[in-house]
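Below, chain A partners chain B and then partners chain C, in two separate complexes.
Showing the complex of A and B:
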């Protein structure tokens, strides 16, 4: 297994108007993302999570410290093309990411720029549309698609480059539950079956619990970095950062505050039901 | 307050692209009701609400606002309806355009032909409802943060003091803190003014926390319009439509299916906690 992204001692401030003190958005971030991982990043607006993600494929350049992608220095302009072929990014608003007037042309856009031969391009576009489940929409106009479908077109456009890693910055924030499920299913499939490394920035806890690893950010720093089960035990801390906690974990937390002894590491409905059964059965709890 | 009879709307009528957006909608929304409007994208919810303030004209069927036929010959009536039914679109901050926050919020009331004094009163009141401070009044709305811009946009509609306030996904794209804040403000507005509120949302959790009733749209039809518990009772049907019930509700459904004497009307963590502590107490009595 190789390291996809390695961030060491990264700090970043956005340039400000003259005379004003620069506002530092990231403070001394150290982070390693290994090939095949599915990492979710949580944090409220302005915590620096998008800024961090934009360093992963060289959209932003570190003020201090370094970012290496597949061993290449992201601060070196020479490496950017190769980095962006391997690390693609999907943004929040599906409407801002579609360029062409027909779905398959949109998916082919990056390939055309890379000078991929036509036959190869057609094959990759087919494959990418298949992976996101939109093969039958290839001749449609993107603006006639739903938000979830548009996001999947955007994902397909990246997949066509056969990247090692996809970064998604709140890809489901503007979607309905059905669109969210479609996109999440697609993301999981890419990670589990195609072994593509995934970095998912999200506000939705039910999405974060599906990751292998959850990073919580606040005020430009990484506060937590662990498995979802461990991270969502910190209900009090997550509340204080105004983040949501899955309702099931929240219920366990609320019961514990009443001195009812339940474990706090409950992530899904089934586990929650099982714990309440134990509690009511009176058998295994003390 | 709002009544529809066999309301239908087709897009691109007379072309090969003719599509049914909504069909045969028969609704009755009471005065002061807080309705959550749920449905996946393309289910017709935006088309439906655009009829309530006469932005769209029905292909067939009728709409009554406060008992009056919206598309009768009386054109004045229709103009009045646009003031009586305030519609906040999705991402309303994209529609800000004035030089200052004050002017932007005052735009609607000004068009109503109100006096300066009355406009001033309404702007101030609307700002209070959305939680904007006086200090931003003379700023350009474009210098504000995303969350503040959205508040300005919502205040602009509230300043019409509409009898019906319709909001299309007012929390979309906000983080949990921003979402709770906006929804809390709308709830206060509803309680204080007693106006009818329609909240279009994708989040069952948000709707169940705020609304009295839920209107479920699916494939252009109104599939359900009933109280929150009644709608969640039909969880299986909701799932087939690509909709969800809150997780916590699922936990209690599962417990009841397993034979525990729990209520099925649990939509929030607080309700869940109360229900379990109640059970534990009763369990204790039985043992004693």
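Showing the complex of A and C:
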């Protein structure tokens, strides 16, 4: 397995007006993302998670430290096209990232920019729309689609480039529950079946639980970096960062505070039910 | 309430005219407009009118609909006609009636000429926008203007701006509706008072709209960069237009009418 993104010693602050002290958004971040991983980045508003993500494909440039994507230095202007072709990014508001007035033309936008020949372009547009399950909507106008569908169009627009990695910056924040489910299903499928590396920035715990690895950020620093099972054991710490934990972990945490012996590392409802049955001397139904 | 605005008034139906290559349609319209200004007598207009009739019958959009589009322009047409009559020369049209002596034969003839010319002009260009979607129109414009690149004219940039503007019209209309409702919910009054009061009432709509548009523009720029946008250099196009038999038939009809109009002018 090869390293997709390698961040070392990264610091960043947004430019400010003259005379004001620059507020540093990222402090000395060190991070490696390997090929095929599904990484979720959690954190409160303003913790720097979106800023960090924008360094992954050279939208922002590091003040200090470096970001390497597939071995290429993201600080070098020469590498940017190649980096962006390999690391795609989907944003929160689908309305602000769709460029064309017809779905398939929007999916083709990146390919037009890359100068892909027409026949190859048509093939890749078909493939990308198929992957997000929107083949029958190819001739529609994007503003007539639902939020979840629009966000899938945006994902298809990235997939058409055949990237190695997709970064999604709160892709479900503006969607209704149905749209969220659609988008999450698509993301999971891309990771599990197409082996595309996924970096998902979110503040929904139920989404983070599905990742292989969860990174928790606060005040521009990485606080935790582990499997979801390990991360969500730190219920107290997460609460102090005003983050939620999955409801099952919350329940286990509450039980343990009442001195009831249950394991803390429980992630899904089934595991949770099993533990509680065990606790109650279970097996009545057996 | 704002959704009723249909820019360019495109009617999406399937017809001979709709299936024409947008570049060809643009070219034909240009030829048609030039021809209209070459017309020097009523016979020439007859040829142009015949052409419009042909277009109408091949586009599945009836002349009635198109004539309705003329309504807002009636004032301009009447205005033009009035001044043509006022400054026309020749013999008085009603020699017996003293107070109508300013109406002269040539003036009336010129006015009639002008009215017919304007109406035919609007009908022709309306059929262009009725049968071609705004996106196709921008696309065609970009492709037809490509030679201007030699003179460093930013053809691609212009077309990209138009495409994005068209794409964001429905989004911003939605947004305006939302802001209007939000302001109404807080007691804003847009319907009463004099013109100045009403214009002032628009400020709390325009400012949030502007702020949000800037915000959107910023995000869009990021999203375009993420998709490797780096200007027009080395770009390929997804949509390919090719001229079919329809386009040649249409061009043939146009060239014939054009020739007829020139012949009528010479003889």
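One rule holds for everything that comes next: the second predicted complex is superposed on the first by the 281 of 286 C-alpha atoms of A that agree within 3 Å, B and C clash if a C-alpha of one lies under 4 Å from a C-alpha of the other, contacts with A are read in each partner's own complex, and residues count from 1 in each chain.
Keep this in mind: contacts are C-beta pairs under 8 Å (C-beta built on N, C-alpha and C of every residue); 3 or more make two chains touch, one makes a residue touch a chain.
Since this is a predicted model, take the numbers as computed values, not measurements.
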> What is the contact status of A:171 with respect to chain B (first) and chain C (second): first, second, both, or neither?
Replying inline: neither
> Is A:246 contacted by the first partner chain B, the second partner chain C, both or neither?
Replying inline: first
> Given the touch rule stated above, what does A:48 touch, chain B (first), chain C (second), both, or neither?
Replying inline: neither
> Does the superposition put A:255 against chain B (first), chain C (second), both, or neither?
Replying inline: first
>> Tell me the contact category for A:108 with respect to chain B and chain C: first, second, both or neither.
In response: second
> Does the superposition put A:220 against chain B (first), chain C (second), both, or neither?
Replying inline: neither
>> Which residues of chain A touch chain B once you look at their complex with the stated criterion?
In response: 44-45, 92, 146-148, 170, 173-179, 181, 203, 206, 242-244, 246-248, 250-251, 254-255, 258, 260, 269-270, 272-273, 276-277, 279-280, 282
> For chain B, which residues count as touching chain A in their complex?
Replying inline: 40-42, 146-147, 172-178, 202, 205, 242-244, 246-248, 250-251, 254-255, 258, 260, 269-270, 272-273, 276-277, 279-280, 283, 287
> Tell me, which parts of chain A touch chain C in their complex?
Replying inline: 54, 57, 59, 81, 84-85, 88-89, 91, 93, 95-102, 104-105, 108-118, 121-122, 125, 141-143, 154, 157-158, 161
> In the complex of these two chains, what residues of chain C are touching chain A?
Replying inline: 133-135, 163-164, 166-167, 170-171, 174, 216, 219-220, 222-230, 234-240
